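Scrolling down, you'll hit the structures one after another.
Consider the two complexes below, in which chain A is the common component and chain B and chain C are the respective partners.
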Partner chain A sequence: MLVLGIETSCDETGIALYDGKQNKIIFECLYSQANKHSLYGGVVPELAARDHVNKFLPLLKKGFKDSGLSLKAIDAIAYTKGPGLRGPLMVGASFAKSLGFALNKPVIAVHHMEAHLLMAKYDAPNLSYPFLTLLVSGGHTILAKVDKSGSYKILGQTIDDAVGEAFDKTAKMLGLKYPGGPEIEKRSIQGKCMDYNFPRPIINSDDYNFSFSGLKTAVLYKVNSLKKKEKLSEELISNVCYEFQNAAIDCLLHKTKKALKDFHLNQVVLSGGVAANKELRRRFSEELGIGYSSIYPDFSHCTDNGAMIAFTGFEKFNLSKEDNRIFVNPRWSLEEIANG
Partner chain B sequence: MSRDRKLILNSLEKTKEIASEIADKITSISKDSAKIIFLKGDLGAGKTTLVKEILKFYGLSEPVTSPTFTIIEPYLIKNKKIYHIDLYRIENRKELEVLGIDEYSNESDSIIFIEWPERGEGFFKDCDLEIQLNHLSENSREVIIKNFSN
Partner chain C sequence: MSNFKNILAIETSGLFCSVALRSGEEIKYNFTEKENEHGLVILDFIDDLLKRFNLEKNELDLIAVSNGPGSFTGLRVGCSVAQALAFANDIPLIPLSSLAVLAHQAHSKFDMKNIFVITNAHMKELYIGSYQFENEQIKILEKECLISQEDLSNYVDINSTETLYVGNGITFLENIVDKNAYKNIFSHASNMFKLIDLAIEQKSYVAAEEVSPNYLSGEEQWQKAK
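Moving on, here comes the complex of A and B:
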């Protein structure tokens, strides 16, 4: 059974084809600055970010051409119904519904965050319920308990900035390029402990929430005071990156450990763009303690992608089939999957 | 002509006090389309924190999270639609058209807070209130409130 997955909730335009019978991704395409030349051949149009409309067809054509399959071979279409930006979500929904109508195939609505956390099941097939999940990206920092597919309880989340945003803004303050997360990770390798005393906001609070706004501001003032004394050398930049990354990971690790213990769980699935951070993976693997394990999706499936939508669409095939009306749910809660 | 008011914020209490003053000011604006509030200031100046305190004053109990990545965070407080928008990651006007952001500003009886409005120069109709936050030191900010409403 072949499911086409379409992701357009925010920045990325992603399309993928998943074969449920063989549990295999046939192809996955993500629009990026890097591959736009191969998608358009000679003349590359000037596309605005999040202009998903004009990115769909070249991606779709490339995917089917490379795989040698025909569009008619698909059995269902899955799309991101929410949460996300209303405009981009509508584009994906309209595209999915139109394709379903034209090919007379069922269309399945997928929850973006659920897709992120279920994707770990594709990359780590031995994963069993229940488990804890930590979703860490530019827009979200969520700790949730997963009892079974479709049943989620949000234990905590950020009360201000998401952890990925803190990475990006720290990079910006240091003059590093965007996206800042991978840059901070790279620089940190050369960095060393400097006792900058960056705060770990609400790390000892008796809940499972996170806060990164205060850490961002502390980094800003540290950078400004360092700049006053001397030029911001490569060495200083690396040290700030190291200290910042350590503080951010401490917060994530501490609350994850607390939730694992309090809810008697022994495995945590990390997902979202920040889950691609190798130092985060190393520390979770080494510091969770005996009896606990951390599970990660493949690096290519950490950021938004079409494969996770196709995979989740297959998982949900028997639960959710929609009529031809086009609607999205920009504020769909992970706890209310069934009422989306 | 705008009427300017300049104040110093040096504690959370003071921020709450100013937030309540701004909340009242927004309520008193009479307008058919959305009320638009611009928030200007550098990274870490406290724009999102101020919006958080204003929304708390309107009765919001859920957390106000940064819209930097999500671009728009909508809220519904006592049947009033509130949009918290951040244009930090927006590079040009074309992007705003793609996002359909103008739809929000045509809604009546809604309030739109816009951080980094400079990134969408000319896209939005005139704002009703402009709040500028400037860094003074780690724990204090200067806030300048410009009221453009009649």
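Moving on, here comes the complex of A and C:
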């Protein structure tokens, strides 16, 4: 069974074809608009939506041409219905529903974050339920317990900025380009441990929540005070990156360990764009402790992509069939998967 | 006439979604008076029209879409739906100016030769376009563009009896003579076929991926706002 996956929730147009019978991705095409948005220091929703319209058909054509398959060979279409940016989501929804309509194929609505976490099952087939998941991206920081596919209990989440957002904003303060996450990661390698004493907000709270806005503000004050004394050198920038990244990872790691212990789970799946951070992966692998393991999707599947939508669409095939109405759910909660 | 027997027309540039299907000489249409419901109704509208003509989806020969200027979201829904249907059926598309569609509609209704269209682009801006209809042809007198409300008076001659001003943007015209202005006119897909026939004559149909919304406001808007 061939499922076409369509992802347009933010600034990447992702299209992929997944063969459920063979558990194989036939093709995946991705167009990232990051360069366009780097001019503005963040995603401009209207421009993102515009670009999705322009890139969609050329990407779709390329995928089918390269794979030698015909569009008519597909059995279903899955698309990201939310959460995400309304304008960009509407473009993917319009194409998905119209293709389904024209080809008389079922259309399946996929939850973007569920797709991120389920994709780990594709890249790590031995993963077994239940497990803990840490979803970390520019829009989300969620710690959830996964009992089975479709059944998620959110244990905690950020009470202010998402961790990826904190990375992006910190990078902006330091004059680094958008998206800031990969830039900070790169700079940190050259960075040294300083005594900046960046806070680890609410790290010892008796819950599973996160907070990154205080950390971001502390970085801002530090950068401003450093700037007063001297020009912000490459070395200083790297040190700030190092200290910031360390603080952010400490918060994620600490709450993850607490949740694993409290809920008697021994595996955690990390996904979302921030899960591509190598230092994050290294520290989770080394510091979770004996008996605990951390699992990640491939680097290419951490950031937004069509393959995870196609894969999740196949998993959901028997559960969700959509009618002809084109609408999206920009604030769809992971706990309300059934009410998309 | 043409080889295109079954032609679908999509109009989503304004507040109201309308879709029309012409099979041979006969035109049927669907239209909603609910604002900004393009996405919710468009595919069911198309489905209903095909059923009323007893046609299968793959029997469509051509799709025309009014690709702007107008509501950004509406344009994207209309263009995406048109592109997907055209691509899946391997048929061509015709993009039509939403202002020209409105002008033609006014020309048919009021039998005036010169039509000046003004629609509200919000944020104190207006879309304008000026057209002349003669010998079954349409001529563009004033290139479609986005202007600020303040500049409108530079483009119009309110005393003209030759020109009819139409569109929801004419409320911004001060002292307009009532008889040459008409605001309550909204683009409707069923009125697109005359322009579609002209486009077919000129062979100005294109492949699905060549059509995109014509926003008339480019990225410089966001660069200014930066």
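In the analysis below, the second predicted complex is superposed on the first by the 322 of 340 C-alpha atoms of A that agree within 3 Å, B and C clash if a C-alpha of one lies under 4 Å from a C-alpha of the other, contacts with A are read in each partner's own complex, and residues count from 1 in each chain.
Methods note: a residue touches a chain if its C-beta (ideal position, glycine included) is under 8 Å from a C-beta of that chain, and two chains touch if they have at least 3 such contacts.
Just so you know, these numbers come straight off a predicted model, no measurement behind them.
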First, second, both or neither for A:139, with chain B first and chain C second: first
Chain B versus chain C as contact partner of A:162, first or second or both or neither: first
First, second, both or neither for A:265, with chain B first and chain C second: neither
Contacts of A:49 with chain B and chain C, given as first, second, both or neither: both
Touching partner for A:326 - first (chain B), second (chain C), both, neither: second
Partner chain in contact with A:98 - chain B first, chain C second, else both or neither: second
First (chain B), second (chain C), both or neither touched by A:69: neither
Which superposed partner A:40 touches (first chain B, second chain C, both, neither): second
First (chain B), second (chain C), both or neither touched by A:10: first
Where chain A meets both chain C and chain B, residue numbers: 49-50, 87, 90
Residues of chain A touching chain C in the complex: 39-40, 44, 46-47, 49-50, 53-54, 56-58, 60-61, 71, 87, 90-91, 93-95, 97-99, 101-104, 324-327
Contacting residues of chain A [partner chain B, same complex]: 10, 48-51, 84-88, 90, 137-139, 157-162, 164-165, 168-169, 172-173, 209, 213, 216-217, 220-221, 330-331
In the complex with chain A, residue positions of chain B that touch it: 43-44, 48-49, 52, 63-66, 68-72, 74, 89-92, 94-95, 97-101, 138
For the chain C and chain A complex, residues of the former touching the latter: 38-44, 46-47, 57-58, 72-73, 76-77, 79-81, 83-85, 87-89, 208-209, 212-213, 215, 219, 222-223, 226
